[in-house]
Amino acid sequence: MLDYQSIINAIYQDAIKAKDKGIVASYIPELAHINSDNFGIHLRTSKGETFGVGDFEKPFSIQSISKVLALSKAMSLIGEDIWKRIDVEPSGNPFNYLSLIEVENGIPRNPFINAGAIVIADILVSNLQNPKEDFLKYIQALTGDDSIIYNKDVANSEKITGFKNYATANLLKSFSNLNNSVDVVLDFYFHQCALEMTCSQLSKAFYLFVNQGKCLQNKVHITNQQVKRINALMLTCGFYDEAGEFAFEVGLPGKSGVGGGIVALLPEKFVITVWSPGLNKKGNSRLGMLALEQFTTKTKLSIF
Amino acid sequence: MLDYQSIINAIYQDAIKAKDKGIVASYIPELAHINSDNFGIHLRTSKGETFGVGDFEKPFSIQSISKVLALSKAMSLIGEDIWKRIDVEPSGNPFNYLSLIEVENGIPRNPFINAGAIVIADILVSNLQNPKEDFLKYIQALTGDDSIIYNKDVANSEKITGFKNYATANLLKSFSNLNNSVDVVLDFYFHQCALEMTCSQLSKAFYLFVNQGKCLQNKVHITNQQVKRINALMLTCGFYDEAGEFAFEVGLPGKSGVGGGIVALLPEKFVITVWSPGLNKKGNSRLGMLALEQFTTKTKLSIF
Amino acid sequence: MLDYQSIINAIYQDAIKAKDKGIVASYIPELAHINSDNFGIHLRTSKGETFGVGDFEKPFSIQSISKVLALSKAMSLIGEDIWKRIDVEPSGNPFNYLSLIEVENGIPRNPFINAGAIVIADILVSNLQNPKEDFLKYIQALTGDDSIIYNKDVANSEKITGFKNYATANLLKSFSNLNNSVDVVLDFYFHQCALEMTCSQLSKAFYLFVNQGKCLQNKVHITNQQVKRINALMLTCGFYDEAGEFAFEVGLPGKSGVGGGIVALLPEKFVITVWSPGLNKKGNSRLGMLALEQFTTKTKLSIF
Amino acid sequence: MLDYQSIINAIYQDAIKAKDKGIVASYIPELAHINSDNFGIHLRTSKGETFGVGDFEKPFSIQSISKVLALSKAMSLIGEDIWKRIDVEPSGNPFNYLSLIEVENGIPRNPFINAGAIVIADILVSNLQNPKEDFLKYIQALTGDDSIIYNKDVANSEKITGFKNYATANLLKSFSNLNNSVDVVLDFYFHQCALEMTCSQLSKAFYLFVNQGKCLQNKVHITNQQVKRINALMLTCGFYDEAGEFAFEVGLPGKSGVGGGIVALLPEKFVITVWSPGLNKKGNSRLGMLALEQFTTKTKLSIF
């Protein structure tokens, strides 16, 4: 049997010695002063075993990782109607390329590029009574952890500097693919991205994707079919224009965020969360990618 | 000698009988209820003769025609520094294509596509003390006519519905090619476009472009070199993706607006303004284009 | 235990009753007269069991399916050097979009879009002594079946009409990403695509991808790492701009061809080949897609 | 009255002292060894006066300048039917951008980008009995000069290296906008571009565009309307993505070639030809552009 603890310990030892830790994202000013020495791994199996090393109990800004959780909430609310407004194909382009929206008449390529995630945010704003409060409660329920919060400073930092997101939302609006006002949708979206979670909390939150749609509290949130859809989307679209590389190097569905977090999972087996704030040139955690690559190499556990 | 009055009378008689008058722009709600039967022509020679027929004293929304006047004001304020932030090449694309801005790193192709005009608006906001008041005074001074006003309803109508312009301005901002806030710049821009002028007032305002930069009141606003630059830009970029067709069919520098106005001119000879609210598929006044085509065919006056 | 034979029999019964069988590809004239009533399925497990139904012993033009076999041959010849000339990311675009090549300076997005496959063909032409003969022998060796041939009429049909492929190859050449002459490379490429194989032969040929790189004759052709790379590429890029949909609906790595064939596989478990000549709007076999979707739904066997 | 000879003499004196003479085109190998010190100017008025200085009697490869002559021949053969297959709008893009052809379904933006010129070549191949011979005779007739020839080495040099043109022609063919075979059309096109002419011969050849369609021998080749069309196209599309800049800096319709030649003209007044082999970054003759700019500044003769 695999000794997960030893494996992640070894990866941790390598990681903290790495010379090139990547570059911490600076386009969101509030994220710029995170120490790039942070490094944590946490693993949770579908059977409930957990393993952690390093800074796995330290909260960080989950950023785009939240897009997966927002998608699962939207799916539970309106089901397959989502796909009338968003496509499911990889974009093959950097994460905030507006051109595609124009070429495709306002239909974002998938729910994980910013344009698609903003449409998901619009759906949540339309279908939740108190969008920000209700979404936070959803995350707290998935994890059974009421301490999770939005970092208001990070949300505000993006509100002040997120011009491309404003451009994107307005463009979607011009194509009638945004039902609420740009300001309301982006206020929600920036909060969603500004969720602060630890590696172990993220492993809990993503547990439903390795447990047929049931969360830790054994509540069914989405169908097994919807789990499959989300896992397929993570594999093909979870890493901007490095999705193909990740599919090969790691071979797991996953989602990264510019805060340096990556969650990946082997369906029906385990969730693994890594955090290392420095990014590579494509905007994914540099050491996080390497750690997951080592993990699947050492464990020989991947979908391929 | 040419009998301008008879020529424009004949064009007018043809135009009012036209069956296909084009379609009045509806994307700005306030413009949608203009009667498409309006039709006016006004001509002013560089020597001061004037000729008019039809609704040439009826004010209409000049919209994009204002971009030429905004450019001339910006040139008088900061001169050739403009070209550090905007290019001078035809775009060969519909008038609000955001893709180009991304491909070209935030530098609009020319000052007459919306992106370029928004950068010009930013320049005016930075360099005028009371931007809206001062720009209105500039127009009033060019024409010697204090009755010219902004139509607040039209400006407001665009503010509520102009999502593509908000997208464009935010995208420019994300490339650091907008110094003021998006809201302030677009408030100015929507007012500029919402100027209401008659054909005869427009012929007066554009007089400086056939009079070496001197307006009717004999004040020098821009250099002869700058006049040449503006006229060249009108010829190559004045008609969205119908610029080439207009250059051939009419053969004059000119600028159209979605309000149905077109101003064209023969350098050092005359300015001619036509107004007919119905647009063709490319967004230019349908009968206005035909009228100018007939005019240059009948008078044999064109730059080619 | 799963009764594969009953499952594929049931799928077959449904398929032959389908009213909409898609449209047989007509852009390659030689393919246009294939009867759309053909339908076959063949499955081979990694342990060697085989199951077939319908026209699974009838040869058809494998077309783009050959790209996977060409890639595996190229990998065995020059290894990871391939990735200096081709990327591994999904294209998110129809299968013969030249624009991408220009934007990306002659580096095709992945080895399964035509541009990438043509570079692979160039590699094989450079590295095989008698390219066409040697590649055919490779296919015959993988399957242990000397009866497999190129259909010269199909190859010739493409040579006469494949203008987009000529455009693509010349564009690659202009970016110095083609070492041999356009004509020689395309002659090879058109032959490769014109391989005629049956469902059962394809299941044999793809056996190495579920058997750690070893073919039926127990010869190692590629490393386990290379198998993983190829399977990841099939999942993310195997179905033109329907890759995301296939990843979700079927959940298996696979590759389709305009001849109506699809090969899919579950790593280390089985290869399944389906043939139905009628295509859907995205260029993939209409009934083939549905059959595989049913198969993974009924068996609950997918990578997600 | 203007003393043209003194003016061009002064320009010549400046030019030969220039330190930065641009870079001689190297992508056509045969052009690479032309001495960048060559410099000639020739001017011919509509009344028949001529003025020359420097190397104005030395033949050079006219390259893209030939596109204007090919267009005028095609117009005289099939008239306005040309515009069913080619548009008349500026491209706003570098001169051999294939993407545009895909986006616009095989219709080139204008007859002066390579794609458009290749369609014109196709028209000539279809409508001339002996295309290469007849086109050469046309040029000889326009100039009254039988000594003009194709440079076979240059034509051959392009045939061997012109991969982008092969890509373009094949792409046009795939959109059914090429009636003859790619090889036949490009053989004609490469010869057309490989015409060797002197500045004074070019001034003669372009005389019909300042003389209402009549050539030096007083034969009418095209209508006055067609002259206007061609002049408008030269102004808006004659200089790749430097058309806007040229329209402003020089203010004359014109056409450049990578051989370093530029022909420009003031309708009904004069033709001026400049030759200097070194190119600027946009692919136009560096000193040629400057010379024409000086010429229109000194003479104050431009269309604006």
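Every chain is named by a letter (A, B, C and D) in the order it is written, and numbering of its residues begins at 1.
One rule holds for everything that comes next: a contact is a pair of C-beta atoms (placed from the backbone, for glycine too) under 8 Å apart; a residue touches a chain by one contact, two chains touch by 3 or more.
As the structure is a prediction and not an experimental result, all values here were calculated from the model.
Common neighbours of chain A and chain B under the contact rule above are absent. Distance between Cα centroids is largest for the pairing of chain D with A. Rounded to whole angstrom units, the spacing between the C-alpha centres of chain B and chain D is 32. Once the centre of each chain is set as its mean CA position, chain A and chain D turn out to be 56 Å apart. With touch defined as above, chain A holds no residue shared between interfaces to two or more other chains.
Here, these are the chain pairs in contact: A-B, A-C, B-D, C-D.
Across the complex, chain A meets chain C through its residues 87-93, 100, 109-110, 227-229, 231-233, 235-237, 241-245, 247-248, 251, 253, 267, 302-304. Residues 97-99, 102-103, 163-164, 166-168, 170-171, 173-174, 182 of chain A touch chain B in their complex.
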